[in-house]
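Across the two complexes that follow, chain A remains constant while its partner is chain B and subsequently chain C.
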Partner chain A sequence: MKKNLQLVGTAVPRHDAWAKAKGEQLYSDDFTMPQMLYGKVLRSKYPAAILRGIDISKAKALPGVRAVLTAADVPKNEDITKFGQMRDVGGGFEGLYKVLANGKVRSKSEAIALVAADTEELAEYACTLIEVDYEVTEGVFDPRESIKEGAYVVSSEDKDNIVMRTKVEDGDINAAWALCDVVVEGDYFTTPHEHAYIETEGGMAWIDENEVVTLRVGTQVLEHYRTMAKILGLPHTKVRNMSVPMGGGFGGKEDMTVEMYLALLTLATRRPVKMVWSREESMDTHAKRHPEYLHYKTGATKDGKIMAQEVSIVMDSGSYTYLTPWVQMYSTQAAAGPYQIPNVRVQSVSAFTNNTFSSANRGFGGTQVNFAYERQIEELAAKLNMSPLELRRRNIVHNGDPLPTGFIPQGHIALEELLAKVDKELNRTPKPERLPDGRKVGRAIAIGHMVYGRLTFLHDSSRVSLRVELDGSVTLRAGVPDLGGGQASVLCQIIAEELGLKITDVHPYIMDTHLTPLCGTTTATRQLYMSGNATYKCVSIMKERVLEKASSILGYPPDMLELANRKVYLINNPLVNIPFETVIGHISNDGGELELIAQFNAPFTEVPDLADIKSRLNPDLTYTCHGVEVAVDEETGQFEMLRLIAACDAGKMINKNSCEGQIEGGAVYDALWATHEDLQWRNGITKANNFSTYLIPTSVDVPDVETIILESGGGLGPYGAKGVGEPSDNSIAPALVNAIRDAIGTGLNLNKMPVTAEKILAAVKGIDIEK
Partner chain B sequence: MNTKILENEFEYSKPGSLEEVLETLATKQNVRIFAGGTDLIVKLKLGALPDMEHMLDINGVEELGKIETRADGLEIFAGAKLWSIESDRRVEENYPALREAIQAMASISVRNMATLGGNFCNASPVADAVGPVMCYGGKVRMQSKRGAREVNAVDFFLAPGVSVLEKGELLTSVYLPAPKAHTGHAFVKMGRVKSDIAKISITAVLEREGDRIASCRLAMGSVAARPLFLKAIGEGLAGKAMTEALAQETAQNISDFIKPIGDNRTTAEYRTDVAKVIARDALVSAWKNSGGTL
Partner chain C sequence: MCDKIKINLVVNGEPVTFEVQPHVSLLRALRDNYYYDVKCGCEEGDCGTCTVLLDGIATKSCITLAAACEGHEVWTDKGLGYNDALAARLQAAFVECGSIQCGFCSPGMIVAGVHYLKHGGKADRRAIKRSISGNLCRCTGYVKIVDAIYKVAQEIERGALA
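On to the complex of A and B.
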């Protein structure tokens, strides 16, 4: 691996930076075509009902309405949910995917019928003319209720509501309690979380001149084209998504959104169709972070060695399975936190309800358990009369320590360094008891671990191709969905670094299902790890080829040559050199190959035994630490975040700006999750379905994020990089709530989200709001 | 409902003179005024104005966008944008509570569009900028083809969304009398995030005479069915020596007096509870701002 890096690690501007800064980037909604129709989804009025009949005759008769479709019109209305995996993993993991509702309606947002019409207004109006005969049923909205025997069954296809049960166990939990001097126990609740991307779901579809169903839809998972082909009864070659950059994904565009509806409508009308969801439709409809009900019991010796932890988790899957089993694996595996606890038992169950379905959301099951275990550690420290920092220091995992599943993470574990750095920065001045205005000051630190790379039993892979042009510039082709995180640009940076070029010499053509090699999903914090490694592999072969050719021209062995400044140099005498372009010309003249494709495979494992997981589930983990200082007004319960320190071991930064951007963005993403962001679900209805009712922080609601980036070099990505996208929103929520706890001196009312000013005020007064 | 679409169709006009505006108001049916649109467009998107037939944009009338100094005060016309009010030196010097209330409202982009006239005509019980106008003794001026009239700001509101504004009538300006010497002000708002609608707000404007309160006016938002002017409690402070204890006692009286409801922003109990805190803080800082000491 190259030692003297010129470009990697710098804040070089991304290839798309100017277009985005100037507002010239085109997104899904910016395209139009002649003869284009507008598509619209009719959604269920009720969260729980039985569909007795649908009369579309009036809608269909309306002039300007070109198609009205129901489940009966879909060639294959049911399939299993897939998320781009190359391997069938089968039972328990892949649930039912239904295009349009039939039988029982499972949630208020469920799609019942599709309309295509000449204008958006007309499509909207036609939906009101569709007569749906509902038999409204009771429904169930709390997974703790829905797992009970005799509960209302959400689906027409299952006998009960259970999606999955799983367990991780290590040591002897029953015997371990006797070793503990102190035990804490608590119930936690984490709220569903909205992704709140600026761009709602949308795109368009048409049939091209060769009968290919073609889409231009932003998605995190290009590979959905396979499911689409299956549902439409077409070969995989006849469904193509030439995707576009997204205005944010955060997991919300990991499930299929508009793709299937657009394809059906364009096939039914043989005209281009566009569909873009309104904000309300988006928030009512797309998946949310799983609400989790968690019970934790943790025991330690009086000198602060944690001996035992028992966890039970009930997850709300909502109306369908989607990614629930996978999120559940993440929650279950991460539940005991980055601590070395000899006796652990984690049991989890997920179940259907008539709420909006749950699926991927940045953090993927890691953030929920992180909130609970870091709150638990804080209360344990209080009971032990020990500083929370010291308690963490005494129990964190180090290199070589196994997870409760028995797997020993292979990358570096930087928790010791992260804790020290954040503590030093947060406490650079002694903490005042109060601010001059009388508000109490609180400080706290929380840590987290979050995997990067997909579940290893999915047998994940990525491939990219590059072509060196005859003028020495490079074309990168990569099916990498770009959500705005710079997923494509880092690949250019790796190529430019290795070939001694400028980043502007490399241009990426990305995210086309059939014209770019498939990189796999932009999910699971995997693109830098997977496609970065594929790119490194690919460019290394090209580099070797260039050095060999230069060697034959210059008459020095390849290992005495290096690539820099668009030239090949003799290392110990830079005056001896040859332009990169000239070398490429020679390779071309001699019939050498200037176009390459390379594939990187993650580690592969077998599907684990869900009843007792004892194996590797992921490639590696990234470690984070957040420090927060707050001021709390004890008379009103209102708090202000004064400082927010976000620290992460990135392994190696590839693009400094993008890396810092992820870590800052991650901190803000979940900064107010625990306290403010509340969808106000009431019996299956999302009361807060727009941004005037669902509150996300603006720049004045969070302080400047102070980022601390460690570069241990201990990751499995290129140059020792780790993934940072999802880990960076881990550990901020408990850091904030623990800082509030530090300020008010009690943990009362702080375990169940949303932790509002009202609850904090009650805590200050000593009122337990549950009693 | 699709909030990308305005459900009803309507006529739109943007006259260049006040006469034409009043003429349109008198002759057209179901007219709604577009000043900044930050409430109107949202309501249209939500389908809350199914009867609207005409949107009357007053931004074409130059005089309606002005802020004019009068011999005895300041006149803020209906189309003046909130940003122009908050950045006006005369407002900053003489009506700081109004400036603070405006700066506590929404986001910069909304304030670039929204108007003070709109904040009144929307007649929300939560309206932030209304309390300061009430407490500065402001008046609301209205015109129609029938003529002009003026009401005290405290008498403008009748019920949620309902004001004394009659059919065919346009709110033309909000008039603020010149403040007297030793006037102190305070505006306190509590929201969940910065650009939130208030959970509760209070304005206090008082005049000081030595160590006594010469007069005091208090108003609250989000505690009643309309912006609440606390007439009796404010008048009861006249002539009293200002102390911490008086501030506490008055705040308790206010908390006992109001009968707020709970909604999706907070509970009735919380509003009653924190009213004590913000009322005390407002009185104390208004007193200090008037040059008084405690």
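On to the complex of A and C.
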């Protein structure tokens, strides 16, 4: 590994930043074609109903309407859900994916019919002419109800609503309670969380001259083209996504969005079709972070050693399976937190309801349990009369400690350093009791651990290619979906570093399923780890080739040469050198290969025994710590976040701005999840389905994030990097709520989201709102 | 459907005529005429990604009737970048400061920043935050966006920018 890094770790501008600043970046909605039609989806009016009939005749008869499709028109309307993995996992992990509804309607947002028409307005009007005969049924909206015997069954295909049950157990939980001097117990609820990317879902599709169904759709998973081909009854080679950067993803563009609908409509009409969802359609329709009902019981000795923790989790899968079993694995594995607890039992169950389906959202099951265990630690500390910081210090995991599954993480565990740094920064001045305006001040710290890289039983891989041009510039080809984190640009930075070039010498061509090697999904905080390693492997082979050729020209051994400033130098005498471009010319003249492809494979494991998980589930974890200072108005229950400190061990920063950007953005992404971001689900209806009712943080709602980045070098990515995208939004929600607790001096009413001003006010007055 | 009407306005310094239905927003009219740098995020005036300068004032084009813009002047982020030194400088500052992630809010955010700076806005983080509070960003946490506007405001105060 290269020692003197020139480019890696710097804040060099990302290659995509200029076009985005200048307004020249085109997104999914920014293309048009001759003869283009507009597609619309008719969605169910009811969250639970039986479809008795659909009459499309009036819509079809409308002049300018070119296609109206229902489930009967889809070649293979039902398939199993696959998310770009290279392996059929089985074992209940891959649930039913249905393109258009038939039988029972499972949620209000479910797609029933598709329309393509000459204009968007006409397509929308045609949808209103489709007559759907619904038999409205009772439905079930709470997974605690839907798991019960005799509950309303959400689907037409299953006998009950259970999606999956699983368990992790370590030690002897039943015997452990006798060892505890203090026990705390609590019920927690986390609300569904909306991604709220500023770009809604959209794109276009057409059929090219080779009969290839071609899409321009921004997605986190290019590999959906395979599922599409299967549903359409086409070879994989006949479906292509020439994808475009997303205007944000956060997991919400991990499941298919418009792809299938566009493909069906373009095949039915033989014309290009465009579809863009409105904000309301987007928020009603796409997956949410799983709502979880959690029960925690934790016991410790009087000197603060946690001896036992028992957790049960009920997860709301909503209307379909999608990624629920995978998210459940994350929640179950992470439930005991980054603590060394000798006796642990975590049981979880997920179940269908008639709510909008749940699936991936930044944090992927980690954030829900993080909220619960960090609230629990705070209450345990209060009961022990010990500082929460000290209680955490006495119980955190260190290098070499196993998770409750028995797996010992290989990467560095920096919790001790993170806690110390955040504590020092948060308490650099003594905490005032009140602000001059009378508001009470509270401070708190929370920690978290979150995996990066996909579940190891998925057998994940990534591949990239690079070509060195004869002028010494380099093209990177990578099927890496860029959702805004700079996923492609860091790969360019690695290539430029290793070949001694400027980042602008490396041109990325990305996200085209026909032309770029597949990098796998931009999910699971995996791109830097997976594609970064593939890139490093690929460029290292090219670098060796360049050094060998330069060695034969200069007459010095390769290990005495280095690449920098577009030249190959003799290390101890830089006057001896040869331009990079000249070496490339020699390689080309001699018939050497200047185009390479390399693949990186993650560690592979087998599917675990779900009844008792005892194996590695992920490559490694990233550790975070957040510190918050709040002021709480005891007259109104409202709070203001005064300080927000976000700390993370990134392993190694590749791009300083991009890394800081993740940690700042991640902190704000979940900063108001616990308190303000409430979709107001009522019996399957999303009442807050736009930005005037669903309140994401504006620039004045959050303080400037104070970022602390550790670089332990202890990650499994290139240069020792860890993934930071998802971990960065972990541990902020409990830090905020615990700071509110610190201000008001009670944990009453603070365990169930949304933690509203009303609940805080009631807590101040000592009123338990559940009594 | 109503008959279309013609509206004459100046977009990015060029006189143009749009044929639009009377109910159509300025955002729709601009995008229908391929001004794709003006983004659509909510069409309800909440997110601000469609922000343009209308007669020099930062305006949400999704809640502005196109027909009401007859005779008025519109500047978009892309047009500003090629014609206005301060806007070009602010775009560059967004690149330098790492203010851009997915980039979808960036055109509207930059127009809001241009409005702030052209109306005497100072290098004051609190005031900058207030001025962009109508523009939502889900990626950055706003820190680096404020950094960029602050940086250019400082340059103006130092006289480094005309």
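The rule is simple: the second predicted complex is superposed on the first by the 771 of 771 C-alpha atoms of A that agree within 3 Å, B and C clash if a C-alpha of one lies under 4 Å from a C-alpha of the other, contacts with A are read in each partner's own complex, and residues count from 1 in each chain.
Everything that follows uses one rule, which is that contacts are C-beta pairs under 8 Å (C-beta built on N, C-alpha and C of every residue); 3 or more make two chains touch, one makes a residue touch a chain.
Being a predicted model, the structure only gives us computed values, none of them experimental.
Student: Go through the superposed model and pick first if A:E581 touches only chain B, second if only chain C, both, or neither.
Tutor: A:E581 sits against neither chain B nor chain C.
Student: Should A:Q638 be classified as contacting the first partner (chain B), the second (chain C), both, or neither?
Tutor: The first partner, chain B, only.
Student: Which of the two, chain B or chain C, is in touch with more residues of chain A?
Tutor: So, of the two partners, C touches more residues of chain A.
Student: Output check: A:F250 vs chain B and chain C. Expected answer is one of first, second, both, neither. What do you get?
Tutor: second
Student: Just to be sure I read the superposition right, which of the two partners does A:D118 touch: chain B = first, chain C = second, or both, or neither?
Tutor: So A:D118 meets neither chain B nor chain C here.
Student: Quick check on the superposed pair: does A:T698 touch chain B, chain C, both, or neither? Answer first, second, both or neither.
Tutor: After superposition on chain A, A:T698 lies in contact with both partners, chain B and chain C.
Student: A:A196 contacts which: chain B (first), chain C (second), both, neither?
Tutor: Second partner only.
Student: Tell me the contact category for A:L761 with respect to chain B and chain C: first, second, both or neither.
Tutor: So A:L761 only meets chain B here.
Student: For A:E281, decide between first (touching chain B), second (touching chain C), both and neither.
Tutor: first
Student: May I ask you to decide whether A:N690 touches chain B, chain C, both, or neither, giving the answer as first, second, both or neither?
Tutor: Once the two structures are laid over each other on A, A:N690 reaches both partners.
Student: Chain A residues touched by both chain B and chain C?
Tutor: In chain A, positions 121, 276, 278-279, 690, 692, 696, 698, 700 sit in both the chain B and chain C interfaces.
Student: Would you mind writing out the residues of chain B in touch with chain A in their complex?
Tutor: By the definition above, chain B touches chain A via 1-5, 42, 107, 190, 192-197, 264, 266-267, 270, 273-274, 277-278.
Student: Can you check the complex and tell me which residues of chain A touch chain C?
Tutor: Per the touch definition, chain A meets chain C at residues 11, 13-14, 16-27, 29-30, 32, 121, 195-200, 245-250, 276, 278-279, 483-486, 656-658, 660-661, 664-669, 690-692, 696, 698-700, 702, 704-705, 707.
Student: Quick check on the complex: what are the chain C residues that touch chain A?
Tutor: Result: residues 1, 34, 36-37, 39-44, 46-47, 49, 76-78, 81, 91-92, 94-98, 100-107, 110, 125, 128-130, 132-146 of chain C touch chain A.
Student: Touching residues of chain A toward chain B in the complex: what are they?
Tutor: 40, 120-121, 124, 276, 278-281, 635-636, 638, 672, 676, 680, 687-688, 690, 692-693, 695-698, 700-701, 757-758, 761
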